[in-house]
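Think of it as A, B, C and D in the order they're written, each chain with its own count starting at 1.
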Amino acid sequence: MTETTARPARELKVAVIGAHGRMGSEAVRAVEAAHGLSLVAAHGSGDDLGDLGGADVAVELTVPAASPGNVAHCVARGVHVVVGTTGWDEARLETLRAQVADAPAAVTGGAVGVLIAPNFAVGALLMMSFAAKAAPFFESVEVIELHHPGKVDAPSGTAARTAAMIGRARDEAGCDAVPDATTHDPDGARGARVDGIPVHSVRLRGLTAHQEVLLGNAGEMLTLRHDSFDRGSFMPGVLAAVRAVADHPGVTVGLEHYLGLA
Amino acid sequence: MTETTARPARELKVAVIGAHGRMGSEAVRAVEAAHGLSLVAAHGSGDDLGDLGGADVAVELTVPAASPGNVAHCVARGVHVVVGTTGWDEARLETLRAQVADAPAAVTGGAVGVLIAPNFAVGALLMMSFAAKAAPFFESVEVIELHHPGKVDAPSGTAARTAAMIGRARDEAGCDAVPDATTHDPDGARGARVDGIPVHSVRLRGLTAHQEVLLGNAGEMLTLRHDSFDRGSFMPGVLAAVRAVADHPGVTVGLEHYLGLA
Amino acid sequence: MTETTARPARELKVAVIGAHGRMGSEAVRAVEAAHGLSLVAAHGSGDDLGDLGGADVAVELTVPAASPGNVAHCVARGVHVVVGTTGWDEARLETLRAQVADAPAAVTGGAVGVLIAPNFAVGALLMMSFAAKAAPFFESVEVIELHHPGKVDAPSGTAARTAAMIGRARDEAGCDAVPDATTHDPDGARGARVDGIPVHSVRLRGLTAHQEVLLGNAGEMLTLRHDSFDRGSFMPGVLAAVRAVADHPGVTVGLEHYLGLA
Amino acid sequence: MTETTARPARELKVAVIGAHGRMGSEAVRAVEAAHGLSLVAAHGSGDDLGDLGGADVAVELTVPAASPGNVAHCVARGVHVVVGTTGWDEARLETLRAQVADAPAAVTGGAVGVLIAPNFAVGALLMMSFAAKAAPFFESVEVIELHHPGKVDAPSGTAARTAAMIGRARDEAGCDAVPDATTHDPDGARGARVDGIPVHSVRLRGLTAHQEVLLGNAGEMLTLRHDSFDRGSFMPGVLAAVRAVADHPGVTVGLEHYLGLA
């Protein structure tokens, strides 16, 4: 029989690990509603993962202490993994790369793929990628991040990463430091410097997670802004990762590499 | 003969003191181009003011060291004054009020009027007035000011005054402090606090003078923003002050009192 | 929402009519959580209202067909009413005013008060009030409203009311029409005109209800923006109305009259 | 503008044609102030161009009627040309390509290069490039352009080009049409459609040339905005083109091709 569409011959089977957390329960709903994906297991934290319900791909959304063990369990069974849990430092990544190198073939065929994704918001990834690309063309760059007033750390992790990406892009292009004639700022209104880039943190009731990158030249300004209104904004990125992970064998850090943004 | 329009019977005669400075030369051009105003004198700093060319109203745009002497000279001759020079602290105002009380009748009739105006930008005055009015209705308020990178002080004077007006309005209404759970901010990304209100200063090539007041409640945000693209934005306020000063005898601080905004 | 008066000696007793609808169920939760308010009845639509649980104030959030009967029931028993239901045209208001004039004394003492409120979002009311106040000071004014793509009408009711308020304020101040040299606009990019003010409607997935008023003079722009992220943003206005209605005898249309904004 | 290559061994000699126009006089000043460039000729329109002062590169900023002749004169002498004049349709480009193919070697060595650049604002080019790249990742996209009220056509050429680039990118990616439930829009508040993308034109005193691209998904929005405050914003792009044209033999349309944005 001839296939006439691009639709895969069978559905991808997906397991969610950490299915009762805030992100995990959103992921369960998103997988159930998605074309071409089939939810085969929803594990709470601490559950025995067993054979993961025969999954092709696992989505791992737990806590830093549990994540490496969960991912190793999947990899050892040839199950691809999309990881949204934080805490993956270089030592953990090194161990994971060795585990993946020793893993059996993936249940989908080919080699096992693992994505470690600090951020699934496609819009935020685009903003960061564009900021790094644009920064060498401008004299001035500053970052403003705005969050709800319950956030305990400043600046946000996304703002710090954005500033680091901007700083590196400007260094590689041989840019001068951003101009700043400030000599009198007794209360610190000029904010933080991250890799030479000024970063400002606003905390406001009603907001969720927002960021603006301002780039200025004589006579012009370019503004890149991302607004994340609720956690639902992460799910298109999670689904895109689930669909693409089998095509990216080995360990990848950052969803931007799947999206052609890096 | 019957007058059929509201146009005054004769033109107002205007002198500009500090006519060769940046603001002063703009004021000369603006007075020359305005309906109902006639430029009769344009004094450089250090010029002998003499009889001010027979002016009804003087516009004083010089430097803090010269301003009190210039204004006293005008007041003693019954000439109304619109003052844009900075440095008028309470001691100077006290002296000025005594001079005005002892002054002869104004050349236009009635008592002499003096306006001390830290800011002539009508849009900026509206922003500040609206910010103070709105602030008690919101849990959170923050101020972001953005200027060219040649500015030496942070925050701007306008931002500091805005925050002070907001802080006072909230105190009078019995508002709680703005919510802020920040416990970790090693580099000062949360900016300055002025009268309890967070203030952030951005410096960017291409910008002139801009300010945003963000007000947040659960589920909503109100944003008040003023952009000043060039000094021309001050002239409508200067002209409005020149036309109104004779109707406001005594010493007034702030153009907002002439515009019904205070 | 700030409480600007001393705490009342006893709690206000509140009934919610239409307690199972989207707005009504939010109101039930908000009253239960509020200082100084006590929920004494939560009626579904069609319930017999009876003595309203002995309420001092009723919040009426039903449908246009039921609202006049519910309000009349309350007024006849001396219970103040805060009404968020739409459909109150002039004929209905006329009937209501007669009912209020004939009503017994309020259970709280004094005369009965009724508020008909088309919009409880305090931030939106502030934006509209500020737009009307600022508009005569500027040459140019335009309105941009932005909503979710499921909205069927354009422009939004709030945008049309804002433009009407701006148009009236400019007419009363004798302003010229907004400047516009457009001679070639084959596809209607310049948007709608409402009372002479250009209005633009954006529809975008991810948005809820947002509006921007842009005001321009030579060299400056003032921007007033309101973002409504969810229905929770209406509750501070509902609670403010409940607390204030007993101090406003008779029929009032528009929460802005309680807030000193009109 | 950043210099990303080593400083050339000798200065580039530059002629400006159309040196007394608004753009041309800015270009003269910019070349004189730039590192590594030396102004060797400044021709008014109608001047005999002669040997162009021995220039390596000419900047052509005249009028559509004169531009092809000027460019042909340069090409025939092996002088590279950066062209900011409009009116270069496909027929003119075809003729130019033939002239370049027959030209002698460039005075700098290698083959002659010509850049036809409809837009030198680097920030605007970045905005357009980013908009096209991001558009396939979002359900909704709309464009708002804002200009001074003396502009006669709507939408702006930049907005129309941006919408066309977005429309093409979405078609190639197989995106659905943008969602829009509007059924009632009697006055055209929804604006124009260009290649399926809604475009809105604002005209406001105080503005110069500004554009915003709004991209929306469930729960998130990405905003790309470019503000052009004055013509000075074009000069970094002109200088970048002058420095790069010798490395791009043949005819190139669009500065984005020199900047790695296309």
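Criterion: a residue touches a chain if its C-beta (ideal position, glycine included) is under 8 Å from a C-beta of that chain, and two chains touch if they have at least 3 such contacts.
Remember, it's a predicted structure, so these values are computed and weren't measured experimentally.
Participant: Between A-D and A-B, flag the pair that has more C-beta pairs in contact.
Facilitator: Most C-beta pairs in contact, of the two: A-B.
Participant: When chain B touches chain C, do the two copies use mostly the same residue numbers, with over half shared, or different ones?
Facilitator: Same: when the shared numbers are divided by all numbers used, the fraction is over half.
Participant: Computing the C-alpha centre of each chain, which chain sits at the greatest distance from chain C?
Facilitator: D
Participant: Counting in whole Å, what is the centre-to-centre distance of chain B and chain D, each centre being its mean C-alpha position?
Facilitator: Result: the chain centres lie 41 Å from each other.
Participant: Which integer distance in Å separates the CA centroid of chain A from that of chain D?
Facilitator: That gives a centre separation of 34 Å.
Participant: Rounded to the nearest whole Å, what is the centre-to-centre distance of chain A and chain B, using the mean of the C-alpha atoms as each centre?
Facilitator: Those two chain centres are 48 Å apart.
Participant: Counting only residues that touch at least two other chains, what does the list for chain D look like?
Facilitator: 138, 206, 215, 217-221, 227, 229, 233
Participant: Okay, in this complex, where on chain B does chain A touch?
Facilitator: Answer in residue numbers: 138-140, 142, 144, 146, 149-155, 159, 178-185, 187-194, 198-207, 214-221.
Participant: In the complex of these two chains, what residues of chain B are touching chain C?
Facilitator: Listed in rising order, the residues are 121-124, 126-127, 130, 133-134, 136-138, 170, 173-175, 215, 217-236, 259.
Participant: Would you tell me which residues of chain C are touching chain A in their complex?
Facilitator: 206, 208, 227, 229, 233
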